[in-house]
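Take a look at the structures below.
Next come two complexes, and both contain chain A; in the first it sits with chain B, in the second with chain C.
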Partner chain A sequence: MENKSMKGWLYLLPAILFLGLFMVYPLIDVFVYSFEEGYDFVSQTAEGVGLFNYSYVLHDPYFMQAVKNTFILVAVTVPASTVLALLISLGLSSITRLRNLFQTVYFLPYVSNTLAVGLVFMILFDKTDSAPGLINVLLSIFGVEPVDFIDGPYWAKMLVLCLYTIWVVLPFKILVLTSALASVDETYYKAARVDGTSKARIFRKVTLPMISPTMFYLIITGFIGAFKAYSDAVALFGENLNVAEMNTIVGYVYEVLYDEAGGGYPSFASAAAIILFVIVLTITCINLMVSKKHVHY
Partner chain B sequence: MSKIMDFDRIEKRARQTALIRNIVVYGLLGLWALVVLFPFYWMLLTSVKSQGAYASEIVPQLYTLSPTMQNYLQVFTEADLGRYFANTLIFTVLTTALMLGVTVLAAFAFARLDFPGKNLAFVLFLALMMIPSELVVITNFVTMKNAHLDNTFLGLILPSVSSVFYIYLLKENFAQIPDELYYAAKVDATSDLKYLRKVMIPICRPTIVTVLILKVIECWNSYIWPRLITDDPKMFLVSGGIQQIRESGYGRDNIPAMMAAVVAVSVPLILLFLIFHKKIMAGVARGGTKG
Partner chain C sequence: MKITLEHLTKRFPNRSKNAPDVIAVNDFTFEIPDGKLVGLLGPSGCGKSTVLNLISGLLRATEGRIYFDDDDVTNIPAEYRGVGIVFQNYALYPHLTVEKNIMFPLENFKGADKLSKAEMKARALEAAKLVQIDQLMDRKPAELSGGQQQRVAIARALVKKPRVLLMDEPLSNLDARLRLQTREEIRRIQRETKITTIFVTHDQEEAMSISDQIVVMKDGVLQQIGKPQQVYDSPVNLFVAQFLGTPPINVFCGSIRAGKLYVGEEAILAAGDAADQEVYVAIRPEGFTVDENGPLSCSLSGVEIMGRDVSVVAGHPALDAGCVQLRAITPTARKLDDEAETVRFAIDPEKVLVFSRADEKRIPVALA
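Moving on, here comes the complex of A and B:
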């Protein structure tokens, strides 16, 4: 018996070592850091314990800018990408020919490198001294004045960031929604059709309730993912996001943590990361409460 | 007689609406396919335009009649792209191999062995799936930096190994293997490790391959941790490297060369995807999320 129990834990040992060292310990430590005041990177000592780090972060204009950007990004991309994914999935499930081809093509952005493809979006939207860029050329056909989407006004930069984020997150949502739609029992549709139900009504009364668990799963993970946005912004606007006014909360955490000169400020970074975590947790709880009311079966 | 006419008309109208609906649906789906594919076409196109030709285009041309491979040569010789590739390859292979070893052993323990505290341990493992990486990165950064593992492969790899989700995925698959096989093997005095190697791994190969591919994609595209722990451009991975090409000013001056780098970085994963797209999509649909 002794031998047997030892054996199980022995097989688990590597996993426990890795997870303990790089997940459990850091998780506890991040809370410790966030309450330690005046932490010194080199000597690894702190002067005291308190809430100063939180107050510093909350009074940092860069952090507030990052919070504003992140909330706009979430408010735009989560509804837009979910609705768009639903429309595309409905289109996909209504056809048979070319369906697999479309599905495969739509999934391509998922495996592509965010940083690399972001550069393509950058040159498409960029307006330089010598050339207006392809998007501006297209817009001028409709009589729109050229806009610098990369170094220009705030709304233009935010628009590109939202568009690119939607482009990046859609593959996952389309994939999950098409498989949810495919798993709805044909009988329901047949029964509805026998009753002469209209297409719109079938969608509202059969399809939507049947896929509502998937929809809420996508909305919840969509919120979480959008709150953690960072790489997309780097790809479009470069690493100096504070200067570009395009920083996100996660970007702020890394900015504070990483310092060219060496150390950086893990205490401030921890406080910011925990604030983000609390925001995400709150939103997720609200989502779960709403979903309890609306998810059928 | 008029009744029959009516049926004809109704049928005709139904066919017409179906046709129009089909045209609209295919049209919109085609439009979205265009939106997805266009950036890939554009990177490919720009990467084969010569720098001079690109700079002289005020309105960008949608095709080129004189493609050149010069940019690819340049970006590998002038911009150190080869080194970024080698770094990424080493990082990906080692991380994936380590992850696989750790994952298979843990999944085997949870699926096949009995030991006290197993259920509690499994629940704790699952709870770890909910921890956002942003929270743990901070301490990991301080730990690795203080251990002087910044700018080393060890520092890059170690925090990237553990993936609770893959342990869960593989455990579920292992658990489906009938117990009788295990008892039969025990009667024949086969050791646990041999049973794992000769029976479980071959049976679950499809899942293991899926896990492997997903991890390779994750490693190849990883940016945040490598960017934090390496500040020496000699240690950059492709994501950081491509950012470096842009930030250093080289890419902004020579956009075709930058696009050649973008194509080079994208091609390996696109090839992987084209070969394994069914496996990748099935694996992701089972519960993967990006990053």
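Moving on, here comes the complex of A and C:
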């Protein structure tokens, strides 16, 4: 018995070493940094311990802007992309002709480079002095005044960021949902049909519960992914996100960590990172509690 | 309710182009009398499930008509036909309790038929009592045994008081003992509700034991309809004779010559005034008696004693290619010497069937 558990630990050792060194230790370190006041990068010493870092971050208008942006992004893109992916998957599973073609088309964004595609989005939405941009040209057909989506009003920029994020996360969700729908036994549908069940009720009472574990997985990972958004905003609005009012929490952490001067403020960044961690943890716990009632394994 | 099928045909387009369509059901015409339990019987892939799906409306007929009493339901979709189906894998909704599963069909009622919650619960309980699962209403399907799940499936099919009950291989997922029990149960429920029931099976014993009528089919073509015993005793062709009965009937190549029935070169019975011809001679396992002076001589392979039955396994040069060895069930085998190399049988003429070698149809011969 003793021998056996020794062997077990031996096998686990490489993983424990690597995870401990590169994941657990930094996590603890971030937690410690976040309470160290006046941390000096060069001498690697702190003046004291306290909550000043948190207070500073929470009073920083840039951080509050980033929190606001991140929450809007999460609240819009997670439900929208999940519902959209579900609709598209339902459509895909109910057609036979051209199904493979559409599946490939919907999957393409997944294998494209997000930064390159961000550039394309920027070109589509951008309005310069010489050209209104393709989207504005299309909008003008319906009599809408041209809007500068990249350097213009806040809502326009947020709209583009949300659209882009949805577009980026959609393929994976479609892929997962299509296979979840395909794995529902055909007999359930036959049984429901013979009992005179309407299409809407079949979807609500049979399909949805059957794929609920997959939906739950997508929603949780969707929330976490959206809270950690950063590269999408950079792809659209460049690195100077604070000026563009389009920063996200992760973007804020990154910017505080590497100041233009070179030094940066790791304590403030750590505090912001811990706040993000608490937010994600809370949301995930709420998700788990809600799912107990609605997810059927 | 009476069900009438008229020239019912179902063709599926072939997967590869230019190949002919697959005919799953070919020109089916028969009538199922009101309140009877009918077993649809045939080997795997013979189209019996397709017939069931056509009756339920889950599939559309290519040709022919289906009547429920005098109503032509051929073009009525499944949801309006008022049929209840029990599927082979039960198809119980895993996320709903037994009660919710049984209530599911009732919740679909619309307009004047709409039931109150209390009425639904009462109807569900009534159906559950009929199949004796009223103690399990709060369980989820995963918490039930196979037999209990089967009962829930039957209750769900019956709760809306369907005009027809269809069962697709209802016993295939149960173990042998439970299968025996459940088939009696199905019989009892059918008798109590007097609902016209069609059930599909590939197991001839199952079909023979509980059906009022059996319908034997092969390759989408109807072979024979009748009371189980009647079909067993006088099958119309060699296929039906071979399909019914365990162990299967023993088939020999033989002939009728000068009023005698020959198996190989041995004349076994008098054949009356039948014309001379090449035939198949099929003898039920219970038609053999060990007899030193019997007309049929076989090479003995062994004697198998299995509880109640004693069977003789033997070889004969005239056996048809499909039968490797002949199997005779007879109590007289007990006196056989296990070491003997040959065994002679007397044949009971009542258990012998003669089929034409040309088209495998039954030839009426007065054997003695």
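Annotations for the structure displayed:
Here, the second predicted complex is superposed on the first by the 277 of 297 C-alpha atoms of A that agree within 3 Å, B and C clash if a C-alpha of one lies under 4 Å from a C-alpha of the other, contacts with A are read in each partner's own complex, and residues count from 1 in each chain.
FYI, a residue touches a chain if its C-beta (ideal position, glycine included) is under 8 Å from a C-beta of that chain, and two chains touch if they have at least 3 such contacts.
What you see is a predicted model, and the numbers here were worked out from it, not measured in a lab.
Comparing chain B with chain C, more residues of chain A are touched by B.
Of the two partner chains, chain B is the only one touched by A:V253; chain C is not. Of the two partner chains placed by superposition, only chain C is touched by A:R193; chain B is not.
Once the two complexes are overlaid on the shared chain, A:L138 sits clear of chain B and of chain C alike. Legend: residue contacts after superposition of the two complexes on their common chain; A:P209 is shown touching chain C, with no touch to chain B. Using the contact criterion defined above for the overlaid structures, shared-chain residue A:D185 touches chain C, although it does not reach chain B. In the superposition on chain A, contact is made by A:L108 with chain B only, not with chain C. When the shared chain is aligned, no partner comes close enough to touch A:C285: not chain B, not chain C. Touch criterion not met for A:A75: it reaches neither chain B nor chain C. In the superposed pair of complexes, A:V49 makes contact with neither chain B nor chain C.
Residues 185, 187-188, 190-198, 201, 205-206, 209-210, 212, 296 of chain A are the ones that touch chain C when the two sit in their complex. Residues of chain B that touch chain A in their complex: 22, 25-26, 28-29, 32-33, 35-37, 39-40, 42-43, 46, 55, 57-60, 101-103, 105-106, 108-110, 113-116, 118, 121, 125, 128, 131-132, 134-143, 145-146, 158-159, 161-162, 164, 167, 192, 217, 220-221, 223-224, 227-228, 231, 238-240, 242-243, 246-247, 251, 255, 258-259, 261-262, 265-266, 269-270, 272-273, 277, 280-281, 284-285, 289-291. For chain A in complex with chain B, the touching residues are 4-9, 11-12, 14-15, 18-19, 21-27, 29-30, 33, 41, 44, 87-88, 91-92, 94-95, 98, 102-117, 119-121, 123-124, 130-134, 137, 167-169, 172, 175-176, 179, 221, 224-225, 228, 230-231, 234-235, 238-239, 250, 253-254, 257-258, 260, 264, 266, 269-270, 273-274, 276-277, 280. Within the complex formed with chain A, the chain C residues making contact are 56-58, 78-81, 83-85, 87, 89, 91, 93-95, 104-105, 107-109, 156, 160.
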